[in-house]
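Chain lettering (A, B, C, D and E) follows the sequence in which the chains are written, and residue indices restart at 1 in each chain.
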């Protein structure tokens, strides 16, 4: 029988995959993908908990996470656009004028 | 079938929403004004913003302590009121910095002011709730606005800063979400008062401690990022450097106040439940933060970047007070920020007036130390005032930050953390070096270049702002008493 | 009335000093010297009147001027006591000072710092008066230090002279000698201070009368410690071995200074202290015997160095040292009044001797080497006579003052049964006679060994010679007042009379001493009266060199104390203070700064690294959380 | 049984797809697999009875967000393979692995408690959308409105950041002053 | 005029603020006038001071932060009275003798602020107010050293600031802990020193608190091995800076020991006698040796300050009225004498722009007046009787002899080695032939310099001959303090060691 833990473990794995993506990505666009993966992982967890506790709060949370993800994408892409216009690249290795 | 829901308007306690709604409405008004006429000067928007914030302030002041509203989503307790007040005051004193004598990119957008007000609303939501969902949404609203405001400065550095802040913020948001999920899994609730209740019953269950710790850690990561605790602070110096000086100063105070309030609610809960591990972890992070940020600040060549590290260090200082989880400790947090706010405002304002489009002293930095060499000869009053701010930041009595500092240290001593007080003391001594370095440049060196552009952007409103900051910094001793008693009353009234 | 006299005696020299100081920076003004001398004379007259008063009434005068230091239970007043002992000293001091002041008018004739000299000299007298008149140990210490400073000023009077090597001038330079004197005295002063502390904490006061009346209640060890500490103080001022080197170097000062300070008065302060504090020393026989033994040793030790010295003033300085040894021997043996008597008598003839030497120097244009003199008799009759008289007195030839006083000391040594001391003292008496006359003969007899074409020795001014006459007179006749003196001072000091046994042998003893004394003179006459015959072999012998180099003690001090101290100081500064203490402080600062430099490397500016840091932090926290949760 | 099959199928597929998203060098592949993964996640939601959420997931994520990304991809001309120099793969995998281990350990703990009372229970026989709607518009009305504000912020941000004015600097030009200053320096 | 203390504290500060308006040319006169008025006020304070009263006088108390126990609480007793007067005096004389012309207005304003902080420290009876002035005093001094100093001025000033700052922050923790303990025992927050006096603390608390305060004070004193900032500060500071630093700022440390450590922690103080005495003796001997090795006159005097501060420290821990009164008196004496010596060095530095002894020699022939005054001060520095230097040193050694004869003898070597380096300085600079051409034409003291030095000479001699007017009030307060300490001490050792003067037994 599939229990709450199963879903949560899947969620944990996907979350870690997302984290790995965040860590290894050098292209900002693809880095954003990884953050989406992480948020999706959390969504699975919320939906699962909500289901097993028979409680709607989890779904609410997941719903808001989707909204947040959407807004983030909008703002993030906006920033990426101005950045791209200025630098002509999305590689974050080229983006280290401030350090120390 | 579901029963129709009857909700009486009184039970919603809509007044609890009033402050945020004022800010939002204000933002919308500005947007509408912009639609009507495009030719409006920034001073109009600045004054409008201030007015709106003043109304906001009044509305907040009128709130009753310990009320809930809107299906208990809104929580108006002592700390939510004082933190809202501080957020508003902080915003009021920072926004006039837009009134420079020279024009800057971001202030030519009316949207800047709208976003600014939306951001304030976001912060207010954040502090006025114990529901993780609303906290999250408020946080993101504020953060997204802030990213945009940073980017609007329209320089390569500010884009870079915005990207860094944004990306790391996204990661932190993921951690926050995951942490909330674990909390939810543990307690079936995302409302902190309920969470505390349920968690208290579950503390003794075997094998569950890992999840409790884990939830705390995930949330701690998210807030450590916001509060720029080591090792999640890496964004801060770069963002401060990339952002305009007013915004950097603003960021070192207002968002942190909001984040601290949420941290008090969340981690205070853990500590109250008896999860000592959280306290220890926070203390370790706090000590690491204040120390490492201090020693990194030592070697900075740019004043703004130095101030960034110094704000990180100050945040570590305050985080330690949070870990004490006593009424005094919590009072110390607010007192510290209330005092730090003015000094920091002054310091960043002094940087702001000297901002020049071209970097005449250094290829990379706007405000290298050399720029201030011999400031005393160029602008004696300015140098003295800047010196006062630096001394205040260094914790030299009787200037404002000193009182915050001893209050924090006293709180530490009172809770038996004498070692912590000593660490704080030693850190203050280290910190004195880099503040002193600026004083040394200003007072003891000769100007590198014969330049009078050092107060390039100075205008009457800015002078007024700086003068006010100076008064607040120097005269701290006279208003500490009412401030402490008000804060203490509000905080103890809300049970912290 | 008498109180006023006390103040006049005390403050007249002070007034003189201040008056002269007013003109301290102006060019030579003869009237300064005259007025100073007059004031000193006033002081002498006051002292003499006081002496007369004390002599006739037997009362002592005690005045308290005001409170000085008062803290805790300690109260020190400025109090002055004129009794038999102090009045003797006062009279001697003011008399010799007056003479020396007048003498200086002539001697310092050509010196551009004439006025300054009088200021210093009078200041010295004032300090000396405080020293002898004080009614408490602290006041004595004021004078004690005061004379030290004046001595420093006066030895270094010709400060403008440059340092030279020790071969060229054993004293290096006046300023060097002055510093040496001051520092060596300070070493002894520490002992003195400790003595004061011991007395204070055991008695609760520093007043003589209180202290002396409380002595019977004190334990032996306390008394011994106090006595020893006080004597250490005395050793410095009276230049007893091993603190004696400064005295000969002090001859760098102008000769009147040597006469007044380093012969007649200041150096006898140590003896005075022992006499003044006789109740303490009477109760500590071991310490007293040590004093006597050390005194005897120094008497011999100094005389031995005088045998071969070629420097006119140094010879007299050694003889002073030697005579001080005699005084200590007497005091140590309990014959305080004899010590005091010898002190007085010695003051007269030794001052005379020095002043005579000053005349010679004046005539010889500051030449001091007696090997380069000779035959001065013709040019300087008066001086010859004075120095002859003084030398006779010093040698202890009957009739002259020294005979009475010194002989009494030697007898005391016999009387106490300390025959070894007696033998040494007798031998020393012979040596004394020898070197005194060696000096007289080499200076005045024989042929001139100087370049007569450039140097034309001439006699000193008349008034100077007249001024010296009281001393000469006293050097001759002082001995006859011995009996009266005894009855006078023993009202205060413990009497000392020879035992029957000694009394019987007194003629034998006197004869023995006389034989040695006359033998010494005869030997000197044989060797030197007809001019100098250098004996190369003798001069190259080990003992001669040893004596001529003062037993190599100055060199020893330089090599083993002065230089190591300087080196150690240098090391302390460069190695310890800079390299360890300061470097540690700076090291901590640098370490912090370096770690700042190191840790800023984490701030690479690369977002990916930042994310890594964040992830590392998060994962680390998670792992720690997991581990600590699993560990409970 | 059907649930188990579906769960494992979806699990393996989503994990696989997201791995591609994270590992692939090609933006197109990454994005496509991300989109596919998101679709499959909505599958989880359906299994778990969160129908409304599943639909939102499909519309918002797969529809809106992926469309945005596609436009962005076109704008950035990112169709070509992207060369990324990954500094330290070992570190990445170590951190990822460790976090996975700890999170799994955490979730493997007896985190589920039967004692917990649902605050906002789902109702039998009522559609998920209805349930959600009621909670969303009562309890969570404020967050909902704030979310609206957030989207407004995002919209404004998107518009002004991508707008034309950002191409030029409106910061006051001080070149005239600069010349004077440079001359001063030279003196 | 019961609030004369507030006037004393704030008059210079207000004058300093108004000084911004004064024209540059008149700034100097302005400063001197203000300082003279301040001195007059402080003398008035002395005049209206009741010498027989050992307690605090002219007490003022205004609660500032009642919730936190901080109040504006000031007062003066015999111990602090004369240090205040000395601070006022040295400021005036320092200003009079000042030869600086660069940025004179800034200097005057800075000095006036410095004067406020100095007087503030000595009148404060509230720990926070004390700390406030204590820290604030660093700032003007930093500026003085840093702006008008020698080539290493920045290093020296930063070192001075940070070193002292670090120490005093540890002291601050001690103060906070003390307040906490007070709160625990009484339920009231208070930082008033007089309130703290009333606390009887267990010995281990006393030891810890003693240690905390020790860091603050020891660095300021400065005690070995925390002394290395001092030679730099003195070496680089302008004359006026050195004068004030040596005369007044260093006294804050020793004053702190008397005001805080002894009466608050009598048992700990008694336990710490031996370690502190050992450190003091190291200070005395070691720094005297280091002073001897110096090439620069000012450095010699700087190190000699450390050595003399060792004497003062020793006296404080004598635990009897003789030692402590002597110590307080020695603070005054060292203040005046070392201040004067620094001014004298300044005189020659103004003329030759060097302080190296090797550059001089034979100055006594060229500058006789200078040489005389230098000589008098030198003699006072080596503790010649009838100068101010003797009284304190004598009493200190006398007092400490009761504690330990051996250590007293070791400490007493200061009179020897002190003479060694001082005389060496004098010999190298003033004696010998004038070899350096540049020295042959040096001018003797001018009127300005003479008139600023002569008062000091007079004081040195006056207080050497008749110290009573000063010593008596000091002694009264010290005796009262000892009685109090004796009553408060809880261990037997402490009760034995603290010697109450016979004259104050029964009474008080």
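Annotations
Keep in mind that, in the parts below, contacts are C-beta pairs under 8 Å (C-beta built on N, C-alpha and C of every residue); 3 or more make two chains touch, one makes a residue touch a chain.
Everything numeric in this text was worked out from a predicted model, so none of it was measured.
The fewest steps needed to get from chain B to chain C, moving only between touching chains, is 1. Under the contact definition stated at the top, the chains bordering both chain A and chain E are B, C. Set against the C-alpha centre of chain B, every other chain centre is closer than that of C.
Sorting all chain pairs by how many C-beta pairs they have in contact places A-D at the top. The chain with its C-alpha centre at the largest distance from the centre of chain A is C.
Distance from each chain's C-alpha mean to the overall C-alpha mean is smallest for E.
A separation of 99 Å divides the Cα centre of chain C from that of chain D. Chain geometry summary: the mean Cα position of chain A and that of chain D are 4 Å apart. Here the CA centre of chain D is 67 Å from the CA centre of chain E.
Chain centres here are Cα averages; for chain A and chain B they lie 26 Å apart.
Residues of chain E in contact with at least two other chains: 162. Along chain C, residues 600, 603, 605, 607-608, 611-612, 615-616, 618, 622, 625-626 each make contact with two or more other chains.
Listed for chain D are residues 91, 95, 99, 102-103, 105-107, 111-112, 116, 118-119, 131, 139-140, 143, 147, 150, 153-154, 157, 160-161, 166, each touching two or more other chains. Contacting chain pairs (ordered by label): A-B, A-C, A-D, B-C, B-D, B-E, C-D, C-E. Within the complex formed with chain C, the residues of chain B that make contact are 163-164, 167-168, 171-172, 175, 209-210, 212-214, 216-218, 220-221, 224-225, 230-232, 234-235, 237-238, 277, 281, 292, 295-300, 430. Chain D contributes residues 3-4, 7, 11, 14-15, 18-19, 21-22, 27, 30-31, 34, 37-38, 41, 44-45, 48-50, 52-53, 56-57, 60-61, 64-65, 68-69, 72-73, 75-76, 78, 82, 84-86, 89, 91-93, 95-97, 99-100, 103-104, 106-108, 111-112, 116, 118-122, 128, 131-132, 135-136, 139-140, 143, 147, 150-151, 153-155, 157-162, 166-167 to its touches with chain A in the complex.
Taken in their complex, chain C has these residues touching chain E: 24-25, 66-74, 138, 141-142, 145-146, 149, 152, 156, 159-163, 173-176, 179, 182-183, 186-187, 189-190, 193-194, 196-198, 200-201, 565-566, 568-570, 572-574, 576-577, 581-582, 584-585, 589.
Across the complex, chain A meets chain D through its residues 1-21, 23-27, 29-30, 32-34, 36-37, 40, 43-44, 47-48, 50-57, 59-60, 62-64, 66-75, 77-82, 84-85, 90-91, 93. By the touch criterion given at the top, residues 4, 8, 11, 15, 18, 22, 28, 31-32, 35, 38-39, 41-42, 45-46, 49, 53, 55, 57-58, 60-61, 64-65, 67-68, 71-72, 75-76, 78-80, 82-83, 86-87, 92, 95, 97-100 of chain A touch chain B in their complex.
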